[in-house]
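Heads up, the thing below is written out as structure tokens.
Should a chain be cited, it is by its letter among A, B, C and D, assigned in written order, with residues numbered from 1 in that chain.
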């Protein structure tokens, strides 16, 4: 029963001190389609082996370098089926290119690359390789985000007129990057992170969620970026006006100095006859507010939801699913896409799974936001 | 016991079809310091008498014209002590000026006037008359708005860095002004409303609340206004970036085409060490979110609140107060100010009660927002 | 235009230290149909005059004794039209009887009397007098309680199967009655309060709300009462099983030692196909949960509500109304009932306004709960 | 690096149509310490193989019978380290006994057995075998349940006086067991389920949560059970009064006919100076309400939480964890206990992991509730 063989995953990054490594492992393996079998978890051979041991990986397959991993794994009969990239941003492009050139599909942390130019380069590499490339815009994996997307696609709100998306965190309210905090350190360093601070780290999530759910594209924006914490080298608080390709307009805001907020990602979309509201911290509910009848709460896993939303539920309604489950939905879809690709499908990625196109748009968004900020005015997307 | 005599109020506007007339009456009379005894409720003598009868007013004191009311009342020994203006905006200035010139203090619906120029004219008239002038920015009367103001004033959040205020309604999602709806009709007519649509009607509330609570002033703004409903003559959806006089920055948004929203006024203020959040539709709670300790919910009428917040509670904690009670707080303070003025106090208005200064700033805000919109960029306040 | 004359109210009790006096005054006068003109606010003549002065009442009409007030007022041409009773419970019966015997209608704080036997005596007196008698079960005045009642009456939930009502407060978590706190003192004294502590003070509210909304009657109950705070003479925490007259069953709980709760009155009613939930601290929303479709939130003052609910709204949807407004709805209905009675209507009280029948049932509830507690088992109602 | 070897799990039950099989698999494997390698998923050999294939299991290790699995696996060098029981209740005892007698540790779905007598028999078997036995009272695995337990244990609320726990579902509002629904069918059949319906299925969860968090024991109870849906053979709606071993008292309620509820498990515990509230459908927050200071919201994964609560967090605060993660916490602790047991620890189960004692108490609770119901009165526990 060969269809039951799990896909073999190799991870780059995600080693000691990175919370995202275990998250990728849990998410990838959750639905029983993937197993983590190899990794270049750290640039130190010893730390990579340590991380591998914690993941229960054969020490032979805990590499000190991604190139080494790619070389060694492609020679094994039981070599990895794909790699996941969980490193600081500046390594995304070289790793992804190396994998693609070696014929290995890629699942990547967002943002796709460190700069927009790199994203274009990566896009070309993905096209040339003809291999599946997925991007872990985690929030796209929530059942109620899928439902919100279905509500918009079905036109239930009428024509969309107004949008408001915000992503507020408080964890960088102080100069955390100066205290030895690894996550904060690389994210605040233009060389490793790229030029966008909060706009890149979380603004891209908000941007993706907005387009993903609304089915619209941002056509123009006017962004203002701030560096609030003294000495910080990248933006930590951003506000933008956006115009969508159908004429709707609104705001996109993100901040990592919103003291007291943990992970407040809030999306609101207003149509002619009603609106929807989704909050990441209360992810199993979708508020749908009608102009002329009672407000509704849609609950995850309920029988009345769209097929897309029901398809991703693992437990009955009333049993909360969260961030890891959303992440795992993307991995499940990526695994299915890999199966499809192996069977020769030309375009195996389902429309619900973010790929290189979303990656390029995200990097374009950062680039456009910075351009707009510099000009103090509107720019076309 | 002369101190017990109720102040006599005369109302202009607020007649048939206006929900705001009864609201003013209830709010004014709630704390037992004021009674409505006269009115020019409508420009039709008959309809004014009808409205007066519903209010239980002597038919002799139900006037067809505010000038007539002012003339007649000043001749009575038991004439009105002040007037309240509850008309469409274009009448605010002439009525207020007439009253002030006749020596009658004024309590006015916001916005203070129809245009910024008028506001300056009114300000001069108020100064010249030396009479109390109050402005019913209702939300300033909520206990938990007072508490939020006290939290900011005490510096509990650390230096304020970021602000976000929004006021979303959906009632103008369709062309209501073309259906005979009186409220919508005059608000959509530049001649009666002034040049600002949503920005004037509710944006000014958001603006006032922001300055009132934070203790800061808007120093610059970049606003974009839209007319979403086809055929509408005034803006119905607005977004603005704001910069505060201490360097903090953020957003101010308002909309009357946010389908499904009823009266979503939400204020968030972020300091170095924490933030606060207040929603008008859940007015008896104030959320205070700390960076390093548990989030707190402050409840109205609780013993641990600031003196300012406790002073306005009428019922024990857990018994909700609402919009009418907030409105009534302003009337109570206005009544106390009138008493102070009668006793010769020079500056009788307490700092908690919005007056002409707030009125001028509000009109300036509309004017600046329109200027910014025209320029598509930042303007100093 | 005599129909516009306000009804003249005389208050008994509600003097210094009682928060309920001003609450009655505000609620009674809110809708412009009633004015407070006389009172026996305290048994001390001086304190009664002081209270009267604060209410702006003619000192001649601030009496030291309710009998004196009744005698004096019935001789005046402009004497009071009704009295409101806002005293400790043990005085409810003698005051009400004296008023009724003098031909004066009565609006009374709940509970109707101090004991069940007194309630029967009062019922006889009300019947004999043929005068309007109202009971201020405040929560019955909330718009969304009216809506919940309409939802049940229309059978929208299917047959009702299960009920759960609870009323939790924390203010008596300590021995407040020993500290000079007036409210706590008389409520903890069997001689002034009657035999039911929490069960009488707030259990009766829960009981009334349950029957009022469901349209059902409690047919049997099994109650257990506790005195949690050492030295307390009356129950302060109670739980009961209830069986309704249609076979539905559930629980009724109340407590005044639920530390941390302010005024948590929560009603849930479950039918065959859905359920409703209403919380007094969030009174402008009614949750309606369906078995097979999205949960709904009904908002106060919305156009889709029942006529009964819309009838009591004073401000547009999204502008919160609270406890005082609910209280005032009962006064408005009482005023209308008085008008009807003056015009000779036999049964002027509308079914939405609690009267003597509700009063007797409430006292019966206390008596039955104590009987059940003594027997440690079920009793028929 | 032998410490990294994953524990090998064999599952009994959880085959086609059972949502709980995949849930156990996901939860067991989530933290990388366990892998599912064998199973007797169904009593049909073919269906067991099908289920095994979906789980990616070697067809040789997909057994048709648990006895067969136990025999075969103990002969393998790489045989299973423990079994998990995910069958209807009546099979729990024979499977657990067979495993224990074969020297195989057991992780079991709750309730431990079908009857109290069986629970005692199982307890003896566990004691005799001296093997780890865990019980998946899932809710005990939530971080904020751990925090609530820590708050109580630290005495922060003062002496506990009052408790209220409820677990309301609506999925059995109709006669679902007559429609071919497998879950409903066995749960409504006394032969497969045992004598307790809702009281056994979810009442035991409520009971366990109450004791687990409060640190107290139920000392007496008075329960009333109903069969609401006509034709149903087991209780579907239950209410109970409880008395705790410290003198505190309160209620325990459960229902599966609460139409419109999904999985409303709510725990409230009241002490002298404050209270806590936790809802399973909003699991990442713990409300802590103080009598004299602002209410607090504790957030999962926050730095200020107790060590016990922080220990179970997998993602940063603000990233929701849910039901599967809570389940997985129990598996993680079970895996650690197994490691401890292999190293010769006498009592390897941590106090946070429910074991046979909790299993026996749960079955005792059902038995006592039925006894109380039959007597219509209180019973000692």
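One rule holds in what follows: a residue touches a chain if its C-beta (ideal position, glycine included) is under 8 Å from a C-beta of that chain, and two chains touch if they have at least 3 such contacts.
Since we're looking at a predicted model, the values are computed, not measured.
**Q** Of the pairs given as B-D, A-C or C-D, which one copies A-B, with over half of its contacts the same by residue number?
**A** Equivalent contacts to A-B are found in C-D.
**Q** Between subunit C and subunit D, what is the gap in Å from one C-alpha centre to the other?
**A** 44
**Q** Express in whole angstrom the distance between the two chain centres, defined as the mean CA positions of subunit A and subunit C.
**A** That pair's centroid distance is 55 Å.
**Q** Measuring from the mean C-alpha position of subunit A to the mean C-alpha position of subunit D, what distance in angstrom results?
**A** Once rounded, the distance between the two centres reads 34 Å.
**Q** Indicate the residues of subunit D shared as contacts by at least two other chains.
**A** Correct list: 261, 288, 295, 299, 302.
**Q** So that we know how the chains sit together, what is the shape of their touch graph: line, ring, star, complete or other?
**A** Drawn as a graph, the chains make a fully connected set, so complete.
**Q** Which residues of subunit C touch subunit B in the complex?
**A** 1, 4-6, 19, 22-23, 25-26, 29-32, 53-57, 59, 169, 171, 261-264, 280-284, 299, 302, 314-325
**Q** Tell me, which parts of subunit A touch subunit B in their complex?
**A** Per the touch definition, subunit A meets subunit B at residues 157-158, 161-162, 164, 166, 170, 173-174, 222, 224, 226, 228, 237, 239, 241, 249-251, 253, 255, 257-261, 270-275, 288-291, 295, 376-378.
**Q** Which of the residues in subunit B end up touching subunit D in this complex?
**A** Residue positions touching the partner: 288, 292-299, 302-304.
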